[in-house]
Structures are given as C-alpha cells and as structure tokens.
Amino acid sequence: MTFLLSMRGIDKRFAGIPALSSASLEVGHGEVHALIGQNGAGKSTMIKILTGYYKRDAGEILFDGKPVDFSAPQDAQKAGISTIYQEINLVPYRSVTENICLGRERRRFGLLDWPAMHREAEALLARFNIKLDVRRPLMAYPTAVQQMVAIARAIGFEARLVIMDEPTSSLDEKEVEVLFNVIRQLKAAGVSVIFVSHKLDELYAVCDRITIMRDGRTVRMAGMSELSKLDLVTTMLGRELNQALHAGGKSHMEAGARDALLTVDRLAVGRKVRDVSFDVRPGEIVGLAGLLGSGRTESARVVFGADRAESGTVSLDKSNGSVTKPADAIGAGMGFLSEDRKLEGIIPEMSVRENLTLAIMPQLARRGIVDEARSREIVDRFIQRLGIRCSGPEQRIRELSGGNQQKVLLARWLCMNPRLLILDEPTRGIDVGAKAEILNLVRELAGQGLGVLMISSELEEIVEAASRIFVLRDGQTVAELKGEDVSEQAVMAAMAHGHDKPREQAHG
Amino acid sequence: MNNLNTLQLFRGIGRYGVLIALLLLILFGWLRYENFLGSFNVLTVLRYNSMFALVALGMCFVIITGGIDLSVGSTAALGSVVAAMLSPYGLVPGLLGGLLAGLVVGAINAFVITRLNILPFIATLATMLAASGCALLLAGNQSVSVSYDTAFIELGQGDVLGFPAPAWIALIAYLAGSVVLNFTSFGRTVLSIGGNEDATRLMGLPANRVKASVYMASGALAGLAGVILAAQFGAGQPIEGVGWELFAIASVVVGGTLLTGGVGSVGTTLVGVLLLGLIFNILNFENGLGWISLSAYWQSVIRGALLLVVVAVQAKLASRTEDAHP
Amino acid sequence: MADSATTHPATKDPAKGPALLSAHSLARHGAWIALALLILFNLAFTPNFATWQTLNVNLTQVCAIVIVAVGMTLVIATGGIDLSVGSLMAIAGSLAPLIFMGKILPLPYALGIALAFVVPVLVAGAFGWFNGWLITRLRIQPIIATLVLFIAGRGIAQVMTNGNLQPFKTPEFQFIGLGRVFGIPFQAVLMIVIVLAAAWMLRRTVFGRQILAVGGNERAARLAGIPVVSVKRKVYLISGLLSGIAGLIVIARNSAADANLVGLGMELDAIAAVAVGGTLLTGGRATVIGTLLGALIIQLVRYTLLANGVPDAAALVAKAAIIVLAVWLQRPSQG
C-alpha cells in the first residue's frame, strides 16, 4: 500500500524535554484518518511539524512519495496540505468570497475581479451542496457553515490532504452531519483527511483508520473497525484492561451521612454543558472525569461564578445562594485552581508573595493597608508546608518552574481556609515529584474536612484520589461511581459507552 | 441569526447613518441660513476640509489594520514647512518635497512598529514629537513664507474647472483609496489584518509588509495635507497640526470604521470629515445670525458628544455580537 | 498561536544568564543611571548648574507634569490610558477663577478661595470617573473613551470662559503655584507628597496590589476575587483628580487661566514620563518613583540642550528618541 503521507521516526524536543520521540503517522490516499491522544500526547506537535510551524529534530516526512520539509504553513498549503484549526482561522468581518479566495485572487486589468471570485466561491461551495450568499460577511453564518467555508478555502488551494483539528467541538448534531457529508465527498474525490477529535462516536462514524498517540509516541495504528471503543480508550490512556484493580484496598471515607456541601443539578451552559449533575460533601474528594470537551471545566467555572448558567441550579449548603462572580464564591469559602496556569492563574510580574496572598488580601489588610508582617508569616508557612522551591518570597513567579507555580496557586486558595476547593487539572505540566506532593496534600486536607472537586484527565490520579467519580460525556453526567465501583475500567467504560446511567441518546 | 442582523445594523449605521446625518445637517443649514448653499460657502468648506480629509484617509487605513497613527498632525506641519521652503523652485518640487517628508516619517513609524515591535500608539507618539521638532528646526521657530512667484500656491488657492484644487486632490485620493481598499489584494489584506492578524498570516498573506506600507501611506498623505496647508495659507506652519490626529481619528470613527480594526470604508470616512467640518461651519452661520450667541467653542463639545454617541453605539453592537458568539 | 517558549516559561538558560541579567538590570536601573549621567554631565559642562536657581527652575517645570503622570502611571498600570488629562486640567483651571472671582455666585472672599481649590478638582475627578464608566460599562477601549473628553473637555472649558483669558492676582489662591515652604516651592512639596503617597499606595495597600493584578492578568485577577470594574473606575477617578490639581497649579503659576492653553499636550508629556520611567505600557508593572525620574530626565535633557545652546525644537527630537529607546530597552523579554 502506498501512502499519501508518511511521517516516520519524528523526534522533537522543546527546551530539552522530548515532545515527540520516534512518532509516526501514515495516511493513505482518499482516507479519513483519525489522530487521537490525550493532551500532551503530541498530536498537535505532530501536525505543526507536518505543516512547517515547528522544525523537527529528526525523522522523515514523505508526501506523495517525495521527501518534503516545509518551513512555513504557507509552503505546506502550496504543496497541497491545508489545516483547518479548532478556532476557525478566518476573518469574520470579511465576505465569504474573500475568505475563500484571499491569497490567490483573480484579477482583471490589475484590479480584483469580484464577479469571477464570487462565481468561484459559489462553485466551490456548491460541491458540498451548500448555497449561500457569498457576498455576505462570514460572521453572518453559523459556525458549521464557517467550517465549510474553511474547507472550501482548503479545496480551492487544491488541497490533497486536509487536516481538521477538532472540527466538531462547536457544532451541534445536525451541523456535524453536514460536516460528515462533506468529508465523505472529499474522500470520494480522492482527498485525504486527518481528523482530530475526542468524540468517539464521531471517529467511528467517519474515519477509516486510526493512529493513537501517547507520551509523544505512536502507540497504535489500526483500521477503525478493528478497534473497539474500550480498546481505543484504554490504549489512549495507557491502561490495560486486565490490570489489577486499583481501588480494592482503599478505605473510603463514609461521608454519606453528611449533608452535601455543593449540589449541582441539571446544569446547562452553551453547547458544551447540557445536563450535568453532581454533588460534593465535606471531607470528600469527588472526581469529575471525562474526555476533553466533555464539559468538565465549563461546569466547574459556573460553580465558581466565572460563567453564568443557562439553566439548572448550583446550591451551596442547600441554599441557592447566588454566586454570580468569583468574589461571591470566594466569600462563600470556595477556591478554584484553573487549568490554565498562565492565562488564568499567575500574575507573571508579581512576586511569589503577592501571587500567594492575592485572594486573601482584603483579610490581610487593616484599613486597606496590607499587613506585611502577617503576609510574610503566611507566605513563609506555605512555602515550607508545600515545599515551594524559590529563591525567596520576593522572587517573581514567572521565574519559577511549572510545578512550583502550581504550588503557589494552590497555596493561594489554601491560605484562605476554604470549605470547597475546585481543582482543574491540578497536576498538568508538572513533574512527578511535585505531582505526588500536591495529591498528598489534597488528601490530607480532605481528611480535615475540606470538600474537593477534582477534574483530571489522568485516570490513575483521579481514581486514586477520589472516593466518588462523576463521569461526563458530551456535556452530560453519564455515571456516578462510588465505593467498590471506582476503578479505571469503570471510568473508561463510562467514557466510552456511558452505560451506567442510560439516558436518551442519539446513537449513530 | 442575531449576529447577522447586528452586523447589518452596524453597517447600516456606518454607511447610511452618517450620510443621513450629513444630509440632515445640510438641509438644516439650507433652510436656516441664506447663503449656506451658495457657491462661496460650499467651496470654502471644501477647500478648507480637504487637508483634514487627506489625513483622515491615511488614518482610516491605519485604523482598519487595528493600529493608530498619532504623528499625522506634526507630519503635516513638517510637510508644510518643507513644501514652503521648496516652493521657490516650482510646484512640483514643493509638492514632492512635502510628500517625501511625510513618507520618511511614515517609514520610521513602519520600522519602529513592525521591526522593533513597539506599540503603534507609543511609536507614533514619539515620531509626533520628532516630526514637530524637525519642523520647528527647519523653519527656525516661525512660519516660512511660500513663494508667490511659482505655481505652488495654486495647489491650495487655485481652482480647476471651477472647483478648488485641494478638493480635487482629496477627491482623487479618496477614489484611489477606495479602489485600493476594494479592488486590490493589498486592500483586502489591510481589512483582513484588522479582522484577524494571526489568520491573515496563516493564510499566507504578507501581513508585516502591508502594515508597514499602511503607515508609510499615512505619512505620505499627511505630508500632502501639509503641502496644501502651506499653499492655502501662503506659509509653512511648523506649529499647525496640533490635534489633527485626534480630529482624524474622530472622523474615521464617526464614519463607522471599527476601532478594533477589520471593518471600515473610505467613503464614509469622507462623510465623517465633512460632517465634523460642517458643524464648525454651521456654528459660524449661527453666530452670524446673531439670534443666539453660540460660541465657536461649542464645536469641540459637539464633536466630542458625536464621537461619544458613535462609539457607544459601536460598543453596544459589539457586545451584542459577542453574545451571539459564545 | 503560542510558540514553544510560552509553553515552557522561565526555564533559565545558563548560557544566556549573564547577558540577560545585565540587560535586565540596565532596564531596571536605567532611569537612575541616566539621571546620574545627566547630572554629572551638567556639573562638568553647564555653567552655574549647581545652584538653587537651577533646581527651582527645573522643579517648577516638571511639577504639573509629574502630578498628572502619577495618575497616568496608575491608569497605565491597569493596562489603560488616559488622553483626557490635559482637557481636564483646562476645565479645572478655567473653573477656579470663575469661582474665586465670584462670576458664578458672589461668595465671601475666603469661601471663594476655599471652594476654588475644592470644586474644580472634584469636577475634574467626576469627569475622570466618567472615563472609567465608559471603559468598564460600555467596554470602550480606553484610548477612544478618553479621546471623547480630550476633544469635548477643552471645548467645555472654552465655553465656560467664552475662550477669554482670565487674568487674576489672588495671592491666597496662587500660593499653590507660587508659594514657598521653607524656601522650597509649594508646588514641589505638593508633587513630592503626591509621588510618595502614590508610591506607598501602589506598594503597600490592597488597592495598589489590585491595580497591578488587574493590569498583570485581568482574568486571573477576576478569578482571585478582585473587583476589576471598581478598580478601573477608581484609577480613572484618581487620574481626573490629579489633573484637576495640576490645572490649578498651572493657572496659579501663570496668574491667568487660558482655556485654550492650560494642559495642552499634557497627555503626551505624562505618557512620555511614564514610559521613560520604566512602567510597562501594557500594564502590570508600574513605578511611581520611576515616573518621577522619567519626567526629571526628560526635563533635564531639555534643560541641558537649552543651556548648551541647542534650540528647543531639537530637544523634541531628543525626547522622541528617549521614548523609543526607553520602551525598546524595557520591552518584556520574550512574548
């Protein structure tokens, strides 16, 4: 079998840390190829190396049998490789025609030939049975149509390989169906597609073959039909089905007698959260599991008042106290460790001390003046207790390693003596040692009565830490696992099939 | 599709709202004052405002890319000084000299912004000071008389086919600007940069080169405005141009160009210039009537209020668009 | 699109260590070094430099700029900008004589003077608060929101006075601009007090921390419970109040209020001082003392050039070069 694209032995290091080691990817002619893996597995690095956004350290790329080495996305585009990014990279204010034709405009007497360009755009879209007024601005159309426009642009560049990075993340079911039709037509026309998605049903609906990546390596290439959903999930997460049960000897705190600290009922926000319910009791670590895009983070943000719910209720201590902004949540004794340390966590120009005491500043102050002595005392205590490695409390936080930054942010919430702590991917991007320290600390605090809601993509971590786990799938709570049922298999099974709590489901 | 309606409404306001406002103002003036639409008044207004129109045209392109150019006022002053000094050698040297002086300032802006990666706001603030300093140095702190022996003054005071020469220049510049924006890939890239600079780069368009050209064009147009300034008032004026940049920004915004970039139109910018210019004209007439004595100083207040209304409407619409795009 | 450097921040490259460090320390202490060099240069080459006279001349030139620039520093620290400061100075400066000359209401002399200090500053503050309201409520970019009052504000001042020059001779009022305390100009004392208060506020108080947090990472600040909206409104309010005070100083110094000229171009001088002083123009890092140094440097460069026979206009070019150089040197390393 000859491949349209074949990437072999790709190595890539960032600042000495391997992101890809000997990874490979092979895509046949006219094939829809699924590329999956957890966050940090290396799939986006792989794609960016293919399109010339990054330079590879080693390995070879053959496109249509010839070795290629693109130095910029434009070069890849010229060679026939087009990428459609997750957040659609078009210009919303400009017309559909411009978004399709910009970069290879038609000219007449040196000026743009709009009628010809409109005709061309219409013709391209007609290939997918889409008829729209190409003169209107792109933003006049729904996301799915914008996606089609992005694809039409790619085809207009005579693309032979189209890479779609989570194209369905903001589409509803109908729109997904339209997109799939387009993909099938591309396939019929001999164009190959690399399809990145975390929604398993979609992979099975449209893909021919699959490449699974984990920890920067390609761990499995297979025909889509040869692989069961459970196989797929276990391979992706790196857990073997027949591995011994983890949860066996774990002593679960019997928190059942206590009243719930936090109760979330039938929450809905936008497309990502459709029907999410869970609860947390004092002294308990509750896990919120699910694949990327299942609505975990979005639900947590609503609980903390960072976003608004469209429907459903969030009640703290049985009361529907209104948490409309983070300050309210903090006042009620909640802390929220965001998954995006850089964007929503650290204040880079500030010192460790200032970052650590940010949320308790009002309490630390007398008549608006920060009590430096008390602040220093608290900061010293937490630097010691959490083993934060820094040259001193006055060091700028941006100079710290990821793990130590994370500890500072954790301390930001711990120093206010919270009753409920929401941890969103608390161990992402930090080294093993720091990981263990953070998890131990969380457990210790839960032992003292703190309620913890923990979101994590790492199954091992969540199964070990949590005494109850709610599994989300496509924005819905599909399972609640507790006691004996808490195991990696059970979580994976729920992620794959959502069998535990059967709900109305359009299964395609 | 809420966002569609929003955009249409937005374009409607940009394209027609300001035009309707202008027509209403003209109607008001025509009904109220005797000589309002007399050729003298009309031609004077056009002659005077053509300088602002040129500056606003450059600003319009800069703002569409999402940038800003604060240096245009003092660049115009510099242009006027250079043009006045070269005026004894004839029309063409004066014209080219002023234009070139502006182009140099624009090129410095382009370099500092695209190469040194300094915010357009601060970069053009610095060149504003520098250009002003150069103008004062060249002129020796006083205005430079224009030579009346050559045809140079025709650029400001002359008429062609019964229409003021500077108005012709502005008109031609606007037509050219409109063609460039709408019918060349350069123009579409300008719009695309303002809409989404990253996407523009990923589409393989030369974003940096286009941005640099836009600042150079803005400088050159400001220089040209300076040439007209010198020719019109018979002197190169090193201290003129103060506040022109903000007047130009206001005209562009009132004309419906989005300040965050990505949406804009050359034609409505011209309407914006005329609208703001006419307010001054009408205040003059109002005082001439002597019924109420509205001081000319009200014009700044009215301009500010107008700007406020426009940006408030823009902001309202923008936030609605955001809601439609969660 | 994040590059690889942003995903692996702050891993110190030992090879680059010393070079970065020196560039860093140069940026950090650059303002002090520049000021010291300027003073040394002047001591060596400028005749009669080390005199009270020189000090007083230079101080009185910068007082109003520094006071306005302190407010500007706070605004810029939150990631904003305030173009309206000059116009607000004109409003305050035009209002004060109307009050103490009894043109609005005939008032007892002493009361008139007292109100002439208080009311104009409060009015300028109210306009400043309005700027903040536009920015937070209507979510208009600061540069445009404050452009509204930049244009309209001077008009309001001109309308109030009908554009007329208001000369006056009122020693009690003019104390703010001409008075002396122990031989030091009162305006300089006022400036020092304001600088120190603001510097202390920025470093020591909750509000100061909140300002820097909002400018440093607005999303993180919100998630940490900081009232972003009210912090922003307050800094624009402060900027307005300080502009009002500066307006009073300027008219007191001139013994006349001219709505056309008071505070003209002040926004540029203030921003230049802030930029040269080492405050990050994108927000999150600010130094009030640095702003004071920045204003002094710009003033001293001008003085040096003038004292050595260089025309004033050339000083403008020098100022432009200083601004670009300072911003370029202090730009945040890597993204």
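Lettered A, B and C in written order, each chain numbered from 1.
As a working rule, contacts are C-beta pairs under 8 Å (C-beta built on N, C-alpha and C of every residue); 3 or more make two chains touch, one makes a residue touch a chain.
If you want to know which protein each chain is, UniProt gives these names: A = Sugar ABC transporter ATP-binding protein; B, C = ABC transporter permease.
The shown structure was predicted, so the numbers you read here are calculated from the model rather than taken from an experiment.
Chemist: Consider the two chain pairs B-C and A-C; indicate the one with the greater count of contacting C-beta pairs.
Modeler: The greater number of contacts lies at B-C.
Chemist: Please indicate which chain is farthest from subunit B, where distance is taken between mean Cα coordinates of the chains.
Modeler: Computed centres place A farthest from subunit B.
Chemist: Roughly how far is subunit A from subunit C, centre to centre by C-alpha average, rounded to an integer in Å?
Modeler: Spacing between the chain centres: roughly 44 Å.
Chemist: Roughly how many whole angstrom separate the Cα centroids of subunit B and subunit C?
Modeler: Going by mean C-alpha positions, subunit B sits 29 Å from subunit C.
Chemist: Two or more other chains touching the same residue: where does that happen in subunit C?
Modeler: 1
Chemist: What residues in subunit B touch two or more of the other chains?
Modeler: Where subunit B meets two or more other chains at a single residue, that happens at 198, 202.
Chemist: Please output the residue numbers of subunit A that touch at least 2 other chains, ranges allowed.
Modeler: Within subunit A, no residue contacts more than one other chain.
Chemist: List the residues on subunit C that touch subunit B in their complex, please.
Modeler: Against subunit B, the touching part of subunit C is residues 1, 81, 83, 134, 138-141, 143-145, 147-156, 158-159, 162-163, 259, 264-265, 268, 271-272, 275, 281-282, 311-321, 323-324, 327-328, 331.
Chemist: Inside the complex, what are the residues of subunit B that reach subunit C?
Modeler: The touching residues are 68, 112, 116-119, 121-123, 125-130, 132-137, 141, 198, 202, 238, 242, 246-247, 249-250, 253, 259-260, 295-305, 307-308, 311-312, 314-316, 318-319.
Chemist: Across the complex, what residues on subunit B touch subunit A?
Modeler: Residues in contact with subunit A: 1, 3-4, 7, 179, 182-185, 188-189, 191-192, 195-196, 198-200, 202-205, 258, 262-263, 321, 325-326.
Chemist: Can you list the subunit C residues touching subunit A in their complex?
Modeler: Those residues of subunit C that touch subunit A are 1, 4, 6-12, 204-207, 209-210, 212-213, 216-217, 219-227, 280, 284-285.
Chemist: Sort out for me which residues of subunit A touch subunit C in the complex.
Modeler: 14-15, 17, 53-54, 304, 306, 325-327, 329-331, 336, 338, 342-350, 354, 358-359, 361-362, 364-365, 368-370, 372, 398-402, 412
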